[in-house]
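Next come the structures, one after another.
Shared between the two complexes below is subunit A, which pairs with subunit B and subunit C, respectively.
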Partner chain A sequence: METDRPDGRTPNQLRPLVCSCSILHRSHGSASWAQGETKVLAAVYGPKAGTKKSENPEKASIEVIWKPKTGQIGKVEKEYEMILKRTLESICIRTIYPNTTTSVIVQVVHDDGALLPCAINAACAALVDAGIPLKHLAVAICCSVTDSGCIILDPTKDEEEKMKAFINLVFPNTIVSVLPEGSLQAGSEPMAHGIMTSITQGAMSVDDYLHCLERGRAASARLSEFVRKNIELKSTSEASKAG
Partner chain B sequence: MEEEKEAVMVTPGEVLGRTSDVKAGRGAYAALHNNTVYASLTGFRHTVPPAPDSSDLRPTVEVTGHKAHGPVPQPGSVVIARVTKVMARSASADIMCVGPKSVREKFTGIIRQQDVRATEIDKVDMHLSFHPGDIVRALVLSLGDARAYFLSTAKNELGVVSAESIAGATMVPVSWTEMQCPLTGQIEQRKVAKAAS
Partner chain C sequence: METKSTSSFTNLVDQSVCPGDVVLDLSKMINQTIKLGGGLRQDCDAISVMKAGRLRFSKPHKYWVENSQKRYVPYAEDSVLGIVVDSRSDNFLVDIKGPTLAFLPVLAFEGGTRRNIPRFEIGTLIYVRVIKANPGMNPELSCTDASGKAAEFGALKDGYMFECTTGQSRMLLSSPTCPVLDALGKKLSFEIAVGLNGRVWVDAASPHTTIVVANAIMNSETLSGAQQRIMVEKLLQRIQ
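On to the complex of A and B.
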């Protein structure tokens, strides 16, 4: 079931991705992530001393501060902060530096749809840039369901408003290994098939949800490849500068 | 102890080997649920052979050449700190260096009365051991509470390494409990760190 999109993309096509790291000098790590017109800037400060009263002092804590493009922070932004915090906590190795806090500040530069996945991708790239130990990378994607039941990836703001429902999915990066393929099974399930975060908005059927998962997972493999290439390109250029 | 020559670029989450074959070093971690070693940082994969006298024959796999975050005080690490406040039972200090590296963020430490020296710990006078502004070498005992790390100077090589006299000159150690002002000749009490020979 094909659908025409205003910008001429196919349902499975993502907007052009742009990622830049180490763009802020005062932060310990920073990254900007753009998907089409949606752009987010993330900065990481830490690890810093101490944890909040509500946090477990035996683990490092992650603090997320969301800065909207304009105006004050509202309920939606508070929810985004919480989702981002939980997602980042699940990828960070928090037992290495207990009783420390790492602050992640997310600044929205422009919102043209799929803002939360864009912010998650930016925050993850900034953590990598800061040298924070991670279990794995996280890649986020937005899938939306039209009234006709068609699933489209990475919707724009206009498309989001017309959709019946949409879902933000976060997957671990696809696994690259020095081991033979068969050894990457965790039980009967390949480890790359994990899902870390799933946030739905609107009403969708179980079948629609499963189709979104399928499409999202396929797109996450492409995103993983982009992130990995981007990081490796930056690291090799830094290594050649140092050399 | 030679490292392998070819270095492979890795990103967090990439599989580096099995726990039965390799040990996780810097920039790597072992997942116990599936006995696999993964990268936790971005950098180059290196395998370091085991030491000849080691009982564990597994090589260590580590990720090097990555951008490191600022050092964090950990139990057992030796730190350089500046004393900020001296009280009857403890002294507060701002940690400036962890080992040879300076910290990016402010970490606070507390030297308790019982951790100043190894002998006669009940007779310690904090005001005769440290003054605000003194630079001390100390050992991190534990993470302490939410506000500060617990520090100790209860070794010969730990204690005040640099202090200013009332006259404003940097004092010279005279004994392990005294420092002297080179301008006025006045002697002040400190818990002095033994100079490294």
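On to the complex of A and C.
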């Protein structure tokens, strides 16, 4: 059953993606990531010397500061900060700069639904821009389930308010490899099918959850291509001055 | 199979790579002695990328990822511009834009002894060489070259220091001379020191010339070689 969406998108269609890097002068890495009207600006400072008292000084620590568009941060923003911190910790190589702190400041420019995946994508792009050592990249996507059981990707704020449940998923980026096919798989699945973060809201049956995973994986392949093209664009502009 | 692997290696060299990409398979290499530069790490028999950039190879077996960033990662034998932020009894603490402050021993100067320790004010700009850069330790600097001579190292007086990315500083230091410096050198007389940590110091007879040179270098970051020459010519026409 097809669901008509107010902005004319098909259920599996993402909103237009826009990503800009190196837009802030003082930060060591910065990125702006927009999905439709939702826009997030992420800045990375560091690594700087020293760690907080509660952190492990034998590893690099990551500090995430979430700045809402208006007002003070509340419980929801605190939860977003924690989710973002854990996701970024899992993709960074933290043994290279022990006893340092990397600050990631996430500023919400506009919220039109699917805010947390947009922030995760922006933070990953900013970490790449800052040259922080990473194990792999991450791409985030939001799926939602309607009352009639249809699955919709990348909902807007209006759509979010009508949904029965939705789920935020983070997958590793697909990679280019010279290893023979199959050696990078965990079991029978490619590495890119692993789930790094999964957060659900609302009531969702197991079947709906598995369907959301399927749709999310397919969409993350497109997001991975976009991220890779963005990085190649940056490298190309650097190579032109070397030539 | 080996031919296929060899073509795979060739395909990835000089290509853009992203963190997580596997660029080498050690189990298939005949000569397994390779040197890994910045941006690469080993995971069992696979060599994977840590930073986004362009994979480079130089004979016979050296691989690295070339990228441009604002934060500097200290490596031994780099020449950098540092700012003195403190002085202790046996070390100067120098900011080289790395994760931690660097140590410059008071005896690491040409002819340095306990009796003639140089005096640096806080904020002095010095051109130094990184001699140790181990992870988890503060980098150690020296104001002499490997043979103990001061060479080009030491404090830089007057002039103007600005910051750029590490990629641009590598471009300024590359040989042959990069087009913007070549074009400026034909018309203007100036002194320049480029640190690999993304700091550039310029000095000239008049502040006017210093500002022109600094602006030309800052503007040249995203331009190609020909565009740099055109930009410099337009700039010089405007000031004559």
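Convention: the second predicted complex is superposed on the first by the 238 of 243 C-alpha atoms of A that agree within 3 Å, B and C clash if a C-alpha of one lies under 4 Å from a C-alpha of the other, contacts with A are read in each partner's own complex, and residues count from 1 in each chain.
Criterion: a contact is a pair of C-beta atoms (placed from the backbone, for glycine too) under 8 Å apart; a residue touches a chain by one contact, two chains touch by 3 or more.
Keep in mind that what you see is a predicted model, and the values were worked out from it rather than measured.
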Specify the outcome, clash or fit, for subunit B and subunit C once both structures are aligned onto subunit A.
clash
Touch test for A:57: subunit B only (first), subunit C only (second), both, or neither?
first
With the two structures laid over each other on chain A, which partner does A:12 touch: subunit B (first), subunit C (second), both, or neither?
neither
Is A:20 contacted by the first partner subunit B, the second partner subunit C, both or neither?
neither
Touching partner for A:198 - first (subunit B), second (subunit C), both, neither
neither
Tell me which region of subunit C runs into subunit B after superposition, given the options 95-103, 185-193 or 203-211.
95-103
Does any part of subunit A touch subunit B in one structure and subunit C in the other, and if so which residues?
28-29, 46-49, 91, 93, 97-100, 128-137, 172-173, 175-179, 184, 227-228, 231-232, 235-236, 238-239
Going by the contact rule set out above, which residues of subunit C touch subunit A in the complex?
5, 8-9, 12, 16-25, 39, 41, 46, 48, 50-54, 67-71, 73, 99-101, 135-136, 167-168, 171, 174, 220-225, 228
Once bound in the complex, which stretches of subunit B touch subunit A?
8-18, 27, 29, 31, 33-34, 36, 38, 40-45, 65-70, 72, 74, 104-108, 143, 146-149
Mind pulling up the subunit A residues that touch subunit C in the complex?
27-29, 46-49, 91, 93, 96-100, 128-137, 172-173, 175-180, 184, 227-228, 231-232, 234-243
Which residues of subunit A touch subunit B in their complex?
28-29, 45-51, 53, 57, 91, 93, 97-100, 128-137, 172-173, 175-179, 183-184, 186, 191, 227-228, 231-232, 235-236, 238-239
